[in-house]
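Please read the structure below before turning to the comments.
Just so it is clear, A, B, C, D, E and F label the chains in written order, and each chain counts residues from 1 on its own.
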Amino acid sequence: MTRTDGRLNNELRPIEIVTNYTKHAEGSVLISVGDTKVICNATVEDRVPPFLRNSGKGWISAEYSMLPRATQDRTMRESTKGKVTGRTMEIQRLIGRALRAVVDLEALGEKTVWIDCDVIQADGGTRTTSITGAFVAMMLAFDKLVKQDKLKSYPVKDYLAATSVGILEDAGAVLDLYYLEDSAASVDMNIIMTGEGRFVELQGTGEEATFTREELNEMLALGELGIKKLIEKQKEVLLNEGIKF
Amino acid sequence: MTRTDGRLNNELRPIEIVTNYTKHAEGSVLISVGDTKVICNATVEDRVPPFLRNSGKGWISAEYSMLPRATQDRTMRESTKGKVTGRTMEIQRLIGRALRAVVDLEALGEKTVWIDCDVIQADGGTRTTSITGAFVAMMLAFDKLVKQDKLKSYPVKDYLAATSVGILEDAGAVLDLYYLEDSAASVDMNIIMTGEGRFVELQGTGEEATFTREELNEMLALGELGIKKLIEKQKEVLLNEGIKF
Amino acid sequence: MTRTDGRLNNELRPIEIVTNYTKHAEGSVLISVGDTKVICNATVEDRVPPFLRNSGKGWISAEYSMLPRATQDRTMRESTKGKVTGRTMEIQRLIGRALRAVVDLEALGEKTVWIDCDVIQADGGTRTTSITGAFVAMMLAFDKLVKQDKLKSYPVKDYLAATSVGILEDAGAVLDLYYLEDSAASVDMNIIMTGEGRFVELQGTGEEATFTREELNEMLALGELGIKKLIEKQKEVLLNEGIKF
Amino acid sequence: MTRTDGRLNNELRPIEIVTNYTKHAEGSVLISVGDTKVICNATVEDRVPPFLRNSGKGWISAEYSMLPRATQDRTMRESTKGKVTGRTMEIQRLIGRALRAVVDLEALGEKTVWIDCDVIQADGGTRTTSITGAFVAMMLAFDKLVKQDKLKSYPVKDYLAATSVGILEDAGAVLDLYYLEDSAASVDMNIIMTGEGRFVELQGTGEEATFTREELNEMLALGELGIKKLIEKQKEVLLNEGIKF
Amino acid sequence: MTRTDGRLNNELRPIEIVTNYTKHAEGSVLISVGDTKVICNATVEDRVPPFLRNSGKGWISAEYSMLPRATQDRTMRESTKGKVTGRTMEIQRLIGRALRAVVDLEALGEKTVWIDCDVIQADGGTRTTSITGAFVAMMLAFDKLVKQDKLKSYPVKDYLAATSVGILEDAGAVLDLYYLEDSAASVDMNIIMTGEGRFVELQGTGEEATFTREELNEMLALGELGIKKLIEKQKEVLLNEGIKF
Amino acid sequence: MTRTDGRLNNELRPIEIVTNYTKHAEGSVLISVGDTKVICNATVEDRVPPFLRNSGKGWISAEYSMLPRATQDRTMRESTKGKVTGRTMEIQRLIGRALRAVVDLEALGEKTVWIDCDVIQADGGTRTTSITGAFVAMMLAFDKLVKQDKLKSYPVKDYLAATSVGILEDAGAVLDLYYLEDSAASVDMNIIMTGEGRFVELQGTGEEATFTREELNEMLALGELGIKKLIEKQKEVLLNEGIKF
């Protein structure tokens, strides 16, 4: 039983990462995973939120948004609505938390790294694609700081990437759901892992459905596989920029 | 190595569920898990959100809030701030999604069940306690509808409860973290399961930390155990109200 | 002509005041007047609003809210609406102003006492019940400060309580209106008085109606009587906590 | 003991009412009470708020605002703040409620009368001056409707005016406080009465102070006197416009 | 071909400027251009916005609003809506920018002049009338500062006034459009000029229409003429107050 | 005297227009003018705003935003601020108005075209670049509607483009200012014109400065020249897509 786009159950969509995509940001990336395209910009500020002042520690804060027509139908802008939706808040909190898990905030020092993930085109997996791209944008920013002698070395403990897995009635457990699969899946799980294969975050949700321990195990195996490939891609892209650790 | 409050690693805090706690709501419960106390009120409305009109299906929608002084320090009201925080949105989306996973929305028909979870006193685990209490409040409301001949039978597929598990540096994997443990834990996971032991939702987060597959397995085992006990308690309380399914 | 709940025209509903109701607040009370139930929590902060900085004077600030299902029909949360209604603002301004009339703000020193009144169940008179309960919660907080040597003595000039009076077409002037009476009354007056029988605030409103000087006098007499009894109850409850002045 | 502006304790400030002040409104008045100046515009709309649809009854709704520099120091606009303050809400609710007490809403029929009170210059008593002026503006609008055969007769039961009274340390009970007196008064009471001398609303507040029954009686006597004179002025002004009832 | 109100194409409406209109503002003017009436109040504050602190330079900031019933139909208050509309923002940014073009901000020193333009009655040209009146109100405030020795001389480079011009299908290019003409015009241009005849701002808009270079030239000629007359009027009014430069 | 980037005074920056840039929008363009890059997406909806219902006419509505790091320093998101700034409102009103001037809204019929201009990278002239790109995106959408037989022909009267001109102290009048010039210019003018050379909108502003009629004429000549070249580019790009009119 193959998937509607012809992929194998354990196959990622094609990944492309364009570095230095915009000129002002300290780190800038355009990442595509299939038809999902996200601009990830990293900005470094020499100050921290109030709760960290004089702590010697830095912070990573993320914001996420979609262009109104990134989606099939036009979505109203959150600025026009006058408020950020719950979905957006969940996603930007997730991105920030994930990056902080692999950053040595003390080595970073009292700086804030702002990660802006703006989805240009959406086709499923925008939050996991944002995390995978954000890690690269952040590394580019760190590299600039190192070259400017503002950091001694990359304040990073490990690589970080994310993907989604899920369960489809016909195909069973599949890796990296695109939009049509995402809408049809009874279970949807986002997995964020490090280069060493440790979990950073796991969010599995039955959409008006439930899942068994066996299904969970299947999904975890697919996720682990996908993240390994995503991190290989990150390594290759960063090496092209002379970044290695 | 025992826990700071003397519990075993696989031990829940004492649970109390007072039914019919307030007089206006169709279903009302005051649930205590240790010192965490939540009023869960269920309201039934004879209409559905726009996207479900004329679909024949009902909806479950949840809201969550804390009294300003439910916490150690006073928290500013979200009404005063003029907006709901990201944390609150995440929690109320989670509660609604969890309940919808065990409700037969077609059998419910075009009704909305509003679940209001108001935390009177917080000591860790407010979101999982809210879910466990909300299920009971919802059942009380359904029972009222059945008695009024507005429903033929309980539109529910299974019991539902939630708990937290986590990893502490000293004690290892533990069940049902109270506030002090929650602050100290490197990994925190919320687990929502049904009476049959199926997963509804799984949210594991490394707080500036990561976790291995082995640790995940340990936490899942503790969660499964805790939820069994919580559902026994729910059954006992509902049986006292003459509710069984 | 008796009242629909069988009370005499000059009879209060049963009053109950549970002290130390929640564990975090400096002063905490659950007050019931008939079926109206309010949690009153007092929080002490070591700072004052900007207009009082370096004045040596303290401040009392109150907030008021109702759980969505405190009422017969569910009321939308003000946090969800994104703003506090005019009614809520009126009430919280009233509670704060009333308490400040009996507190010696200079003796309090540069501290803010936050009073949170959260209505768990509403059956008429929620604002007057909040004031009566808030006074007790505030005294419990002051007692804690005295015991911690943060205050030399209770910075309070007199007791304070509040009740409502009104005019019903059938029953005439009545004391302590419950919800059904409140909806039917042509005139509704809230009276706040001190232990010595002095007025703190008087708010009488003809609801699409007017009232004469004679009716005003009748209502004032009932209010005076009711407040005496409420203050007796406050004294008894505070004495049980060892508080007397 | 005379007052700081030389008036007797029972003396109002000079009153002036300019009718037809702006050209678009159905009823328009510029009222001055001493240096307090308010533009009161009445607008008639052929619809009612949702809760009155198909009831056959009309509604009176009021809004109140001050120009930023109506006051000694510039006040930030509420539109700039993005919200209406509690004080403004209290006042506009008061104005609407007071007018509704003398209007026969059934005789008005399904129309809404919007009353806009915009304070051009403030010197104490802006809310009571607004009510006194609003009544005249509303009558001018009703007169226009009668002349256009949209109403058979004025849907009004009685005249309506408002004033303030208070207690000054030096002067004792005084009528119609101007700004300096208002700031100094320990007690401040707004009184709204009809042409027949019935109370519509009574709001007495001890500002960090309290007052006795005797003081209340003194203030009520002054208020009654002042309102008689205000209503004489209203009658004279309306008669000039050919309006009598 | 004459205009619907009988004016010549190059004729302004009657102008009236009442100085010292309200008593609290440092400079206050009621300006009427035909039936358009605006209160312009100037307030001087001894501080500047953050971006100018310690720069030695001052700032001019303008706010603009209309009374709800300044217009033919009642307009909802922006404070009630909870936000300032795009139109209002455009206008208040325009007024501030225009005044800053003729003020020597360094000679003003670290002060902010707030200009509040409140439209009492609208009949076309409210933004240009606001600018013409605001200049006079600002000069009155500067005069007060000079008399109080807070300024050495008027920190102003030139006079400033504004008018509108447009193109009507029947009448061709016309000066100073009133409301009916404004609604009918295919092209509408606001012109702001100095006493020396230099442009400060030019905003020409085809309303679902376009215009040629010849039409532009005709409009510019009319605008120049009108502004000369407006500035003559300003000079006369200011001279009456003893202000000349 | 050459410009800091070496261009002649009457020279535009390099222009690039990528068509069909994103896959969901009916019309999508990535336009670059120098380093200013804007994604312009056109969405067609089969309904119109309330004021046009049953009028047979369509509408064009534009929204404009910048990615936070489109600029040299990171700009806070308007969704996070909870409101759209005055600058953004001005720009999106301008874009919509400009497009409506060349669209035959009756031929369009009761449809709304949403134009979303999202600035990916900013280097001066973002509003004029948005208009030039938006026209192309709109034409692509119209072409799709024509091909789907939803429109008989392009409901467009003429081509439309925009550019900026300004006056620099050193270089004099210049065409198409980039960011550094824009910050330094004493006068800044945006010009929007049609293919036939008619004006649609003209906005000239002295930034704390003024300008003469001669300078105005110089700027208009430059603008006319630049717009001719921009429209040539639009024609070439549209012709490649088979669009000509």
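What we mean here is this: contacts are C-beta pairs under 8 Å (C-beta built on N, C-alpha and C of every residue); 3 or more make two chains touch, one makes a residue touch a chain.
Each chain and its UniProt protein: A, B, C, D, E, F = Ribonuclease PH.
Everything numeric in this text was worked out from a predicted model, so none of it was measured.
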item: Those chains which touch subunit D and also touch subunit A; value: none
item: Starting at subunit D, fewest touch steps before arriving at subunit E; value: 1
item: Reference subunit D; chain at largest CA-centroid distance; value: A
item: Numbering shared by both copies at the subunit F-subunit A contact, with half separating same from different; value: same
item: Whole-Å gap separating subunit B and subunit C, where each centre is the average of the chain's CA atoms; value: 33
item: Inter-chain centre distance, subunit A versus subunit B - centres from mean C-alpha coordinates, in Å; value: 29
item: Mean-CA-position distance for subunit C and subunit A (Å); value: 52
item: Contacts with two or more other chains, residues of subunit E listed in rising order; value: 82-84
item: Sites on subunit D touched by subunit E in the complex; value: 22-25, 28, 35, 37, 39, 41, 43, 45, 63, 65, 67-72, 74, 77-84, 88, 114, 116, 118, 120-122
item: Contact footprint of subunit A on subunit B as seen in their complex; value: 83-87, 89-90, 92-93, 97, 100-102, 105, 158, 189, 194, 198-213, 216, 220
